[in-house]
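Each of the two complexes below includes chain A, the first together with chain B, the second together with chain C.
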Partner chain A sequence: MLKQYEKTSQLEKDLGSMSDESNLFSFNNILSLDEKSVFPEQQADFLYKLGLADYFIPVNLGGKLQSFEEFISLWRSIFRRDATLGLGFGLTTFMAAVSGIYFGSDEIKKQIVKTIKNQKSISVAYHEEDHGNDLLHAEVFGEVTSDAIKLTGKKLVINNAAISGGLTVFCRTSQKAGARAFSLIYVNKENCNNSTLNYHEKISTLGVRGCKISGVEFNQTSAPLNSIISKLGNGLEVTLKAFQITRATLPGMSIGIVDTALRKTFEFANSRVLYGSKILSFTHVYETLVDAYIDISISDCVSLMSARSLHVITEQMSVISALTKFYIPKKLQNTLNDLSVILGARQYVREGHENEYAIFQKLMRDYPVISLAHANDVVCASTIIAQLKYLLWNNSASFQDQSVVKKIFSLDEKLPEFDADKLSISNHGRNSILESLAYLYHLISEINNNKIIDLMNDVCLKVKSSLTKISDSLYELKYKIKYVSLIIKDFDMQAYDCVEKYCQAHVAISCILFWVYNLKKISPWFDEGIWLVLALQKINNNYIDIEKEIQKSFQNKTLINIEYLVKENISFSLVPVKFQ
Partner chain B sequence: MINAILPKQFEPAQQLEFEMGCVDDLENIFGYFQILKNDESELFPEIAFRKLGEWGLNNFYVPRELGGNLESFETLFFLIRTVTRRDLSLAVAHGKNYLGASPVWVAGNDFQKKYLAKIIQENESVSLGLTEKEHGSDLMGNELTFVADKSNSGHLILSGEKWLINNATRCRAITLYGRTNNHKGPKSHSLLLIDKNQIDSNKFQHLNKIKTHGIRSVDISGIAFNNAPISKDYIIGNKGEGLEITLKSLQISRTMCSSLSIGSMDSAFHTVMSFILNRKLYGSHLYDIKFVKENFVKSFLMLLTSEALAITASRCLHVIPEEMNLISSTVKYFVPTVAEKIINNLGNILGARAYLRGFEHKGIYQKIIRDNKLVGLFDGSTIVNLQNMTTELSQVVKRISGDSFDVKKIKTIFDLDQNLPVFNPDKLSLSAKGRSFLTEIMCFSNILPDYNDLPISQNISDKSCKLIENIKSKYWLTEKVDKEKQELLEQYSWLIAITCLMNIVNSNQENLNKLYTPELKACLINSIYKLMINQEFLDQRSLNSIWELMINLYKDNKLFSLFDFSVGKSNA
Partner chain C sequence: MVSRYYSKEIIKDWLVGNIAAMIKKNKNEINISAPLADYGLDSIHAVGLSGDIEQKFNIHVDPTIAWDYPTILQMSEYLYSKTLQQEVHTICVHQAVS
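After this line comes the complex of A and B, so read on.
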């Protein structure tokens, strides 16, 4: 097993089976907490005991966060069981801590580490009622005096606002117009007058019902000057960089939700008899299951690519992180919708004793928070569109360092330590992954010629032909983009379409690169490459042509693989992890 | 100056709308605040339910011939749509009466019809007991049985359970589907009209309310019978005709279900429109962001197209009842699918507010999302309907020709002033065996004099003929519904729906809202065709014209509809 997955394997053992009624993490326990809109406190305590909160803290600050790939994999196991727990125990704390940990002074780092070690959450306070996530219009104001910064205003829809040990607050610190009018403050509740903090009552939500989402009103809340993360006026820049880390990592964790959905839907399809047959034998049913599995495989590639790129091509993360957050949540939401059709009425019944698939309606309600929280697809698309012309027309990227790309995609290569200082708010026209198109054809030919593995010639041929189609689509895009405006007000469906096409190309290349660089390291199923061919088709069905008989055969083999994974209790991820 | 008159068949709905008052009024039991409260607490909307009865909605579930008010299905469509715009839960709870009654209207004898009419007009409920836990849509698999009573040849003995049945507990009567013989095949089941008052209370029990994802306040429960005797007089139609009668009743209910989808869309538009007009983001109004406007306008066009299809289908029940298998399945596949897309799209515009449950945070929206999901699930899921369409179309493509279709029928169907023939359920048929009037006009309306000037009709006809050829060339019937087939059926549905839109706007003038000038009508049809068939983007001029139309409708307190329907406050 690849080393970075050992801890996940152990975690899966520790968390146990969801079908086991006596288990803290059983479906019925999780469902009943959700019904009552109660946070899973016991489950959170268990995670604290396992030391999982240490993963919010980098190793060099005394924590366990070393590889984002490992981090995402661990949280995926939590999300497999309960998104409420994933979000409330971890994610929002991680999102809040990231800016202080990577851009704050030593004092702030110390305080954040202390809060987390004290088993307290940290809240991330950007969102305001009238401005959503439109940061440039934030109204919460931080008045800087000679020895303090005084906050006034309201932040709403903030997870854990009332119970957290601290808040990372985005506020306006100058009345001048422009990007330097904002700062990020780490408000340590131990260091401020708590009577100036007024908490909103719990805001009830469609999903993650147990999360303690509320809001906070600051009434001249005073925080010491050294609470300013980085420098006064750096709020926007730090935020954009911190967001790169969270946008790159959050979507991959959410795959856990869909893993559970596919698992349960498969079980249903394999047991439900209609018109005298198991519905698994119906064409639309098995096609949907196969599609869902391929969607998960694709999303996994994107997530892994993103997590590892954070370490290796940190300076290119502005586009890659936006792409990850753009692509995965939307795709997996569709996957869930498609799976729900198979379940029929059983997606609609909430009670476990009436319906052993009752967890599904919770998954459906929980998942949208992944796209909603923290920049939806449109916001991410507008991040990308601003750089798209440069990315497509940058001819100076003629030298490609293959070893860089190899390091990203070879899962057995050790990742360099993450250096936040390398984050940049622009890719400056570089995308090393897409640039690999220049030599990918050759790489695949090499594989075929050297017979590194007994591959189906079919797969190699098809993948090579897709490279041409992907190139063509990028070429077309170069000219389409000339007609698209970069101003956010002008952002339209045409611009969105351009972003989508660019992302598809990047995602497709990522999938191919994973395959090329990990042969004989994962599993025979992985090496065979059927998943890759189906993935390329799913990403954009113009990328690849599959004859009808071959399509059927590939679908069949994928179905057999799904059946095997369900039976053996193995994850649907690219790198399989055995569950308890 | 164009005058606008609401077609008289929609008048009852207009009156009901005024009766139900303003959705934003906090005290109003038909307002979003109270409705949301009910939903949170999962309490049945007793008062609202009763008020609907007092207003006389029940009478619209009973055909005119039996002393009720139901004449045209368009009337029923718009009534349920109007209730759904407030609360889909309420619409489903109340409108269930029609679903429960329809097998009797379709195949019952005079005695049964009068019996049921009386029950409904006394404001009691009738439910439909079709599905069972283990069998879902597999009606022939159902296990509840009606066995011959050895001690009384005039009786059947009833045993078994029905699960996930709307109103199972609250209803007085239930139209029950059960097995009357053990042979495999379509003649194995029958339908019975069960009056609970006539059954020994020891012999049946209500099952507990089942907690559901949406329609939380509705009585979704079940009923179990334990050797209960029932007179054979209550067999609807003949013994063994259960499946056939059910399938025919489903042709009506699948068509009428569109009112739930469209009412949900109405709700969604109302909520998001007010949000768009008041919300600023990135320094502009939300509606000034082109992406937002495009999405909103596109969704509006999809809504109008769905409305056109639904109204057309309602009228077809009267004019071409024998073709309703294909039409009802098309409606049941298309409209709920479009509704889900639109409700998602508009939800994206709302952003975080689509996720919050508090009233002050547009909490009604998450209820709309959950409630609306129901429509695609019952009375034939997407797949069941696609399968149906497949079967019918396989014959249609062999028979279709532009040689002779009844041009007069176009006027009867699409001109809303034309009187409809009385609905004759005897003409419902399990298959039209290749006849499809709508498919024919979709393919060949370009040859009609009225449409010669419209280049769009040429486009529609060309695309449609190509589609038919495409369908012909595939191994259509032998294989089950797969992705490829689904894509073709989706295209078929859009072309049919756009054809309906084109014909309705061309056949009516004063019947439509006065804002629909000839230029705007052409713009609408061209735009939806461009968007959905050609997968192109809207041009700026069309975008602005249609947005302006939407603003004007909203400011005039009009429903987002082709028709001049007022919402909320009475204009009197």
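After this line comes the complex of A and C, so read on.
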């Protein structure tokens, strides 16, 4: 087993089976708490005892966070059990902590580490009712005096606001217009006058019902001057950099939710008999299950690419993180919708023997938060579109060093330590992954000519031909982008389509690179490349031509693989993890 | 890095043309002393503008250039000194090599 997955394997053992009703993390326990809108406190305590919160803190500050690949994998195990726990215990604190941990003074770092070690959450106080995530219109004001910052105003829809040990607050610190009028403040509740903080009552939500989402009103809340993260006026820049870390990691965690959904749907399809046969044999049903598995594989490739890129091409994360957050949640939301059709009434009815599949209702309610929270797809698309012309027309960008893509995609390559100072809010026209397209052509030829692995069905030739199609689509995009508006208010379907096409090309290249660099390292199923051919077709139907018969046989083989993974209780991720 | 001389006027005109095209307005509707935010160019798109600048003038600029120099006038002053510096540097390197 690859070293970075050993801890996830152990975590799965510690958390136990979800089907075991006596288990703290059983479907029944999780669902029952959710339906009462109660946060899973006991489960959170268990995670604290296991030391999971230490993964919010980098190793050099006394924590356990070393690789974002390992980090995502661990949190996927939580999300596949309960997104409420994943957000309430996990991601909220991580999102709030990253800006201070990577851009704050030593004092702020010390305070954040102490809060987390004391088993307290930290809240992300950005959102305002009137402005949503339109940060440049934030109204909460931080008046800078000679020895303190005094905060006034209200932040709403803030997870854990009332119970957290600290708040990372985005606020206006100057009345001047422009992006330098904002700062980021770490409000440590231990050293501020708590009577100046008023909390809003719990806000009811459709999904993640147990999360303690509320709001906070600051009434001249005083924070010392050294609470400013980075420096005065740097709030937006720090935010845009810190969010690259969280946008690159959250979507990969959410794959756990869809893993559970596919597992449950497969179990249902394999047991439900209609018209004299198992519904698993119905064409629509098995095609949907295969599609869902392929969606997970694609999302997994994107997530791995993004997590490892944070370490290797940190300076290019502006576009890569936006692309990850744009692509995965949208794809997996559709996957869940498609799976729900198979379950039919079973995902709707709550009583009787249908109880077995009731968890699916929760998954359907919870998943949208992954897409909606922390920049929706339009926000992410606008980040990409603003840089797209430069990315496509940058003549000085050329593929220079194959060791860079190898480090990103080869899972047994040791990752360099993450260096947040390299984060930039622009890619400066570079995308090392897409720049490797021509080199990838050479790599595929080498695999084919040297018979590095014994492949059936001309997988190499199919993949090779897709590279030409991807290259053509990028060429087309180069000319299309010239006529697209960059202004968010004018963002139209044509602009959206340009972003889609660019992402598709990037995702397809990532899947191919992932396959090429991990042959003979993961499993015979992985090497065979069937998943890759189906993935390329799923990413963009024009990328690959597959004969009907071959497609049928590939789908059948994939279904057999799904059946094996369900029976053996192994994750659907490309790097398999054994469940209990 | 190849460089060439750009006068303040050339830089200013180019910025006016680029921004006018970006926001679909006529050049004469652009006030060079007004903050770009007034034209609906938000912080993310200002980052996109830094890419256009890098490509046009073949220089490396901070993506926050439009935040720190929020009007066309301020930005063109800054870019003038930046491109001038770059040109002087290129000439020095060229002379040292030859």
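By our rule, the second predicted complex is superposed on the first by the 574 of 580 C-alpha atoms of A that agree within 3 Å, B and C clash if a C-alpha of one lies under 4 Å from a C-alpha of the other, contacts with A are read in each partner's own complex, and residues count from 1 in each chain.
Convention: contacts are C-beta pairs under 8 Å (C-beta built on N, C-alpha and C of every residue); 3 or more make two chains touch, one makes a residue touch a chain.
All values derive from a computational prediction rather than experimental measurement.
In the superposition on chain A, contact is made by A:Ile203 with chain B only, not with chain C.
In the superposition on chain A, contact is made by A:Val378 with chain B only, not with chain C. When the shared chain is aligned, chain C comes close enough to touch A:Gln387, but chain B does not. By the touch criterion stated above, A:Asp106 is placed in contact with neither chain B nor chain C. In the superposition on chain A, no contact is made by A:Asp147 with either chain B or chain C. With both structures placed on the common chain, the touch criterion links A:Leu136 to chain B and to chain C. In the overlay built on the shared chain, the residue A:Glu549 is in contact with neither chain B nor chain C. Between chain B and chain C, more residues of chain A are touched by B. Residues 136, 488-490 of chain A lie at the contact with chain B in one complex and at the contact with chain C in the other. Within the complex formed with chain A, the residues of chain C that make contact are 22-24, 35, 37-38, 40-48, 50-52, 54-55, 60, 63-64, 66-68, 70. On the side of chain A, the complex with chain C involves touching residues 135-136, 177-180, 236-237, 240, 318, 382-383, 385-387, 389-390, 393-394, 424-426, 428-429, 485-490. Taken in their complex, chain A has these residues touching chain B: 35, 127, 130-132, 134, 136-137, 157, 203-207, 272-276, 282-284, 287, 337, 341, 344-345, 347-351, 354, 361, 364-365, 368-369, 372, 376-378, 488-497. Every residue of chain B that touches chain A in the complex is listed here, in rising order: 40, 131, 134-138, 140-141, 164, 210-214, 280-284, 288-291, 294-295, 340, 348, 351-352, 354-358, 361, 363, 366, 369-370, 373-374, 376-378, 381-383, 386, 479-483, 486, 537-538.
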